[in-house]
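Note that the chains are named A, B, C and D in the order they appear, and that numbering of residues resets to 1 at the start of each chain.
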Amino acid sequence: MAGKSGRTIIAEEKFSLKKLLVRWETFLVIIFILVNIMNSNISDKYLSVPGLFNATNSFLSIAFLTLPMCFVLLIGEIDISVGAQVALSAVLLGISFNAGVPMWLAVIIALAVGVLCGFLNGIIAIKFTELNPMIITLGTQILFRGIAEMILKDQSTGGFTSVKWFSNLYWGKIGGVVPVMFVIFVICAVIFGVVMHKSTFGRRMYAVGSNKLAAKYSGINVPGMRLTIYTLTGLFCGVCAVFASSQMGSARPNVGAGYELDAIGMCVLGGVLTDGGKGNFIGAMISVFLLGLLKYGLGLVNVSSNIMLVVKGALLIFAVMIPHLNLGRFFKKKAVKTA
Amino acid sequence: MKKKLLSVMLCITLTASMLVGCSGKPSSNGTTDTTPTKPAETNTDNGSGDAGSADPYATDGTYAIIVKSAGNPYNKKESDGYKQVIEAQGGTCVIQEPESATAEDQITCINNVVSQGVDAIAIAANDTDALEPALKQAMDQGIHVMSLDSAVNANSREVFVNQAGTREIAQTLMDAILDISGGEGNWAILSAASTATNQNAWIDGMKEVMQDSKYSKLNLIGVYYGDDQYQASVDQTAAILTDDPNVKVICAPTTVGIMAAAKVLQDEGLTGKVKLTGLGLPSEMADYIGADDAHSCPYMYLWNPIQLGNLAAYVSIGLVNGVITGAAGETFTVPDTTLGDNGSYTIKEAADGGTEIILGAPFAFTPENIAEWSAVY
Amino acid sequence: MAEEFILELKGITKIFPGVKALDDVHFQLKKGEIHALMGENGAGKSTFIKVITGVHRPDGGEIFINGTKVELKGPKDGQSHGIAAIYQHVTAYPHLSVTENIFMGHEKVKRGFIDWKEMHQDAQALLAQLNADFKSTDEMGSLSVAQQQMVEIAKALSSNAKIIIMDEPTASLTKNESENLYRITEKLRDEGASIIFISHRFEDMYRLASRVTVFRDSKYIGTYDVDKISNHDLITAMVGREITDMFPKPEIKFGEEVLRVENLCREGYFKNVSFNVRAGEILGLTGLVGARRTEVIQTIYGVEKPNSGKIFLEGKEVRIRKPQDAIKHGIGLLTEDRSNLGLIQSWGIGRNITLTEIEEYGNKFFTNDKAERAAAKELAESVDTKAVSLFDKVSTLSGGNQQKIAVAKILASDLKVLIMDEPTKGIDVGAKAEIYDIMGQLAQRGYAIIMISSEMPEILGLSDRIVVMCEGKVTGELSREEATQELILEFAMAKSLKEAEKERGA
Amino acid sequence: MEKKSLWKTITGSREASLVIVLIILCVFIASRNSAFLTPGSIEGLFKNYAVNFVLTCGMMLVLIIGGIDISIGSTLAFSGMTASLVLRDFPETSVPVAFLISIAVGTVCGLLIGAVVAYAKVPPIICTLGAMSVYRGLAYLIAKNEWVSASEFSKAYKAFAQSRYLGFGIINNLVVIVIILIVVFYIVMKWTPIGRKVYAVGSNAEAALVSGIKVTKVKLACYTILGALAGLSGAMFTSLYASSQGNMGEGIEMDVIAACVVGGVSLNGGRGSVIGVFLGTLIISIIGKGLPMIGVSQFWQKAIKGLIILLAVIINVLVQRQMDKAALKRREI
């Protein structure tokens, strides 16, 4: 069967410099560069390789949460229980380690706990589709942290530094320069990026995020995908818990407090908006480093954390506001009026 | 058109954030400089007076203090005291305040000051163990690390400047409870729920002291945790009062807890029936301290956080200059004679296996002296 | 002169960023007339209505009401001039009661407070006037589309509107319900209201209107007296070209039976539904609204679960639990609700077409953009869409072109059965003919097609066999030869007829 | 057909089922600790949770229009801190003036959020996420890391939260504010066109637009009102605790949202009633106050609270499904 009119359709995307320039990611790259220029100007200690790697390490453990959070936001959902999942995983890692379980098994237990928490979120979300994921994860957030508190009360559980390889997960440096965690993060990020943009699963995520019903009618297993993503989120909460435990050599029930908002903030600034179906993995990754290095740079000149709070919040609002303002139209209107 | 506009917006945002960032630095300096406090003033005078060329505490290094969190006046007094001495001795002081009172945020601060290449770090820890790896790394780079106010574990510090001996605080508080209760009755502890060891160490110490037959008629009904949050502390105080209507004394070894408890007792009209003591900031507690039944707290204790900061600063400089090594048994004398025994201190073995320097005995705030001190801190 | 026209618009122009939605448009509405407004989708009718009601402010032109020039600054101004509109996509508040929906914006207020009692009473009275079968306290979201439309009409009545605009009111109504609507519309006219009636259906226009105005490509084409213009001329005016054969169903030899449904039941929706369809055959499935045709095919497609019943594909029983099972078995669905269920509006057409079968072009894990584009290009060209490139967003296309993309999308899968739910709903005449043409070609290629439609000419013209449903039950099956409009209606109203007979007997 | 059985009224009405949950909770706690249902204890409950009641009223508005605001804790701190600083530096400031200052600051905070959400179309969760850190940072900055302590407040201000002069000597002042607010909200939301507009915007914003409702203005108004109420809460909070700290009200937004959700407000907008929200807040408050009273370990409370919130929303869904199913069964084919 061929079209009667014989009309042909262009199948190649035209390369357009203009399009590339108005992309959100381009904008982020520019800010990123400017922040770096600013940082190296205000502190001559900024541009040092070990310093920068130390700086990246301090925000990369949270950045592990942005990977699955990108997926969660992409399909138009939200998970505000990630911080609590990190806490529960970390606490159980500590408890089992101190109960005599070998560290490798304790790590697996932590990951399993994360998976279980995420799975619970997912199961509730797909069995009770009437519920907004925000409500579900608000409930589980309180529940998970509550369980962590029940287990550990006001105590902390520590002594992880006695296991050298575990300590090295966070503190170790390959060749004395590149942190182990950085390498692991880059590997994970590449995998997530490929999945998001080059895989069938990624394409389907965009479909689900853009229109859940249309995705369902197109034969996409929406519940399965949601369950997978929530569980994956749980797994990476476990990963984050492992690195945080390695970082601190101990665990407490209040580990990871507020991580959820940090992770969501990074994704959103990166263009992966909360409405679903939008954004780009690269953008999210740029924003992870942008926020982290901005904070590091300001910290180097000892800007008070209060001011950093204000800058961070204002940056988030402005960044998201700019593309929404539709300034082009504003100018066109003006032009019409003057004409 | 759009493109241009975007870049303009971008520049505005960035310059705005830069402006905020830059203006922040002097303003934080400014505030600390313009609000000198009474005892500190005398310190600075002493310090600069003695800062001769032969002064073992003279320095041109950079010193960092990391407090528990931003937005708490107690922490601010501590860092002010530290800064005053460092600057008087010729050094540069870096103050880092974590966004929240967590170990994670403190690690970020440690990273920041390590990158800045400071000579010493003084830290009031939010968690005993969690900072060990980060601080060890700092020590590996030749940075001197000490803690004050709330200790990090023995592995990750050279010395701990303790505001008061654990045993001493426990004994003092128990004696206060014994005195206020009239020797017998039910009492309760309202603590913070933090893992910052000091509260728990004091409570453990009090339980130990209680073994003495002198305290046998005192009955501890329980330890309540107010999370160092005002509202939670209020709820917990209410819980104490409903759990045991006959409770006679509440002991709150935390500045937030004691305030909350004082407020509840005042509001409930129980100031005559239930009495309060513990550790509190005089400025926050001024309203509640008094000998009569209209006030709930006959007296309470605390040390001077400014002096704590002062001493910590001298110790930091001492460590860097090699005057102090941090070994047990070592003695040293700081230029400020208002500290300790005319400025001389002995480093002692601490309970956790490390070493510590004890600032002095806790200071009692009574109805007589509260007015004077509440203006200070 | 001023007396003759209650509403007059002169030289209205409205520009949206990049598009001229209305270009120097004229319109005159006489007092007490029903005036049909016709035009293909995208001709600018919806924008035109929004200009009249004050939602959009025109960039040029003048509006006269009763001969006086007015400026409508917002919907409130429109309302105060007695203008009310019943929009195409029902604009209801699903969480609120019928009463509130009727009185939203002009609540009955006594001393600053809402008088709920009086409002409920008035609403009930209005509903009674419209022969409605629901209560004023019902929640809007629980009503059917036809019932919601009734509420919208009641809303227009409640505001004592002098000018009532109805945008495609019959689009989701069945013959019977449309008949009821005609009656109400005429009654409104007789009571002195002037009505602008927008519809794709010619029968609506013939039945109601005295004059008709045609728009094409955002421009005014002309105004005609209905009894003085021929069907053919009107289509030419709308389309700008002549359409000859509307239903080009070629003669095809039917193959084997492909799909058979036996005693399918879903509690509360339908009971014992059975039918079958053969390769190369177009099976028409029709009935009035509430016949639950869509529910049946959604169950076959795996969107909903049946309580009992069997589905056979090429003689073998299959279990379909979710849409991907259906697609795997070779059943494709072209949904009635293109914009929400069929296509992803914010995506380009290429990705929409290949979405269902991405694994086919790449592998289980990775996508292959090149292969996808090639396939999408071929499919998009085969349905003759007007899109320029594969990266054109669906939302920028007209209804007809969107539908073609939706067809291309289901053709991407390797299917045996195509279920098409109201394939020409909301599509203009020109595109309709093209869709019919495509359906004919598909049948020729050996697909078994189930077509659901409420439009009688479509059902009669295209179907090889017709299954009629009434309130959840199959009430009749007719071959192409024996099918007539009257017979179909009789089956479609089987239940109400039976009840009427019962009453007569009693 | 018009007659509804008692059972149906109960299962059919969200409010009625909340009342039952409430009664069960109260009876359970009272049976374990008789001090719970004494007038003093009940007054204490309302007094200490007055801030939550005030905030849930405002949050309900924002949730009904399909928005959300997680910055209220920070707004509370910022406005409360501003008022406290004024009281500290100008001790002669009267109580109403201090309250007005706090409300004014809150209103401006809310207005800014509303403008960004309604006019710049930034998703509310993102906007308020940012505002949360901005306002919190500002609260710390204006206070220069200090607290305002009891001795720095005027006597009248501290006494306000403890006196009963607004309540004719019977009811605590803060409780009076809560009662007035709830009555006003109930009347406005149910009985005035303004209130119904809010529901209309939440139910279908597009439809509201064509029926002449100024959607952006309604949105702006809702966020502004919530901001004003957060400001009011700031003053109430500092008066109640006679102390003002930069971190006050941290995390209160989650409690407030949870109370709204338990009270039947839909996070998707369009649904929610003042009575339901009141009952929801009461339930959350009773859990907070009651659990310590019956000797539940403090470390268990969070887990129990989380479980109760989850169960409440899940049971609500199950009941709704059962009702839908029953309705289908009745439908004859």
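What we mean here is this: a residue touches a chain if its C-beta (ideal position, glycine included) is under 8 Å from a C-beta of that chain, and two chains touch if they have at least 3 such contacts.
Predicted model only: the values in this text are computed from it and were never measured.
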item	value
Relative to subunit A, chain with the most remote C-alpha centre	C
Centre distance in Å when subunit B and subunit D are each reduced to the mean of their C-alpha atoms	35
For subunit A paired with subunit D, centre-to-centre distance based on mean C-alpha positions, whole Å	30
Centroid spacing, where centroids are CA-atom means, of subunit A and subunit C in whole angstrom	43
Set of subunit A residues in contact with two or more other chains	154, 304, 306-310, 314-315, 328
Overlap residues in subunit D, where contacts from two or more other chains coincide	140, 145, 266
Junction residues of subunit C, two or more chains touched	none
Touching pairs - complete list by chain label	A-B, A-C, A-D, B-D, C-D
Complex interface listing, subunit A residues touching subunit D	78, 124, 128, 130-132, 134-136, 138-147, 149-150, 153-154, 261, 264-265, 268, 273-275, 304, 306-310, 312-317, 320-321, 324-325
In the complex with subunit A, residue positions of subunit D that touch it	68, 116, 120-123, 125-127, 129-138, 140-141, 145, 254, 257-258, 261, 266-268, 297, 299-307, 309-310, 313-314, 317, 320
Touching residues (chain side subunit A, partner subunit C) in the complex	1-5, 7-13, 198-204, 206-207, 210-211, 213-221, 277, 328-329, 332
Residues of subunit C that touch subunit D when the two form their complex	50, 53-55, 74-76, 78-79, 85, 87, 91-96, 100, 104-105, 107, 109, 112-114, 116, 267-271, 471-473
Of all residues in subunit B, those that touch subunit D in their complex	31, 70-73, 75-76, 97, 100, 193, 224-225, 229-231, 234-236, 238-239, 242-243, 245, 259-260, 262-263, 267, 281, 283-288, 374
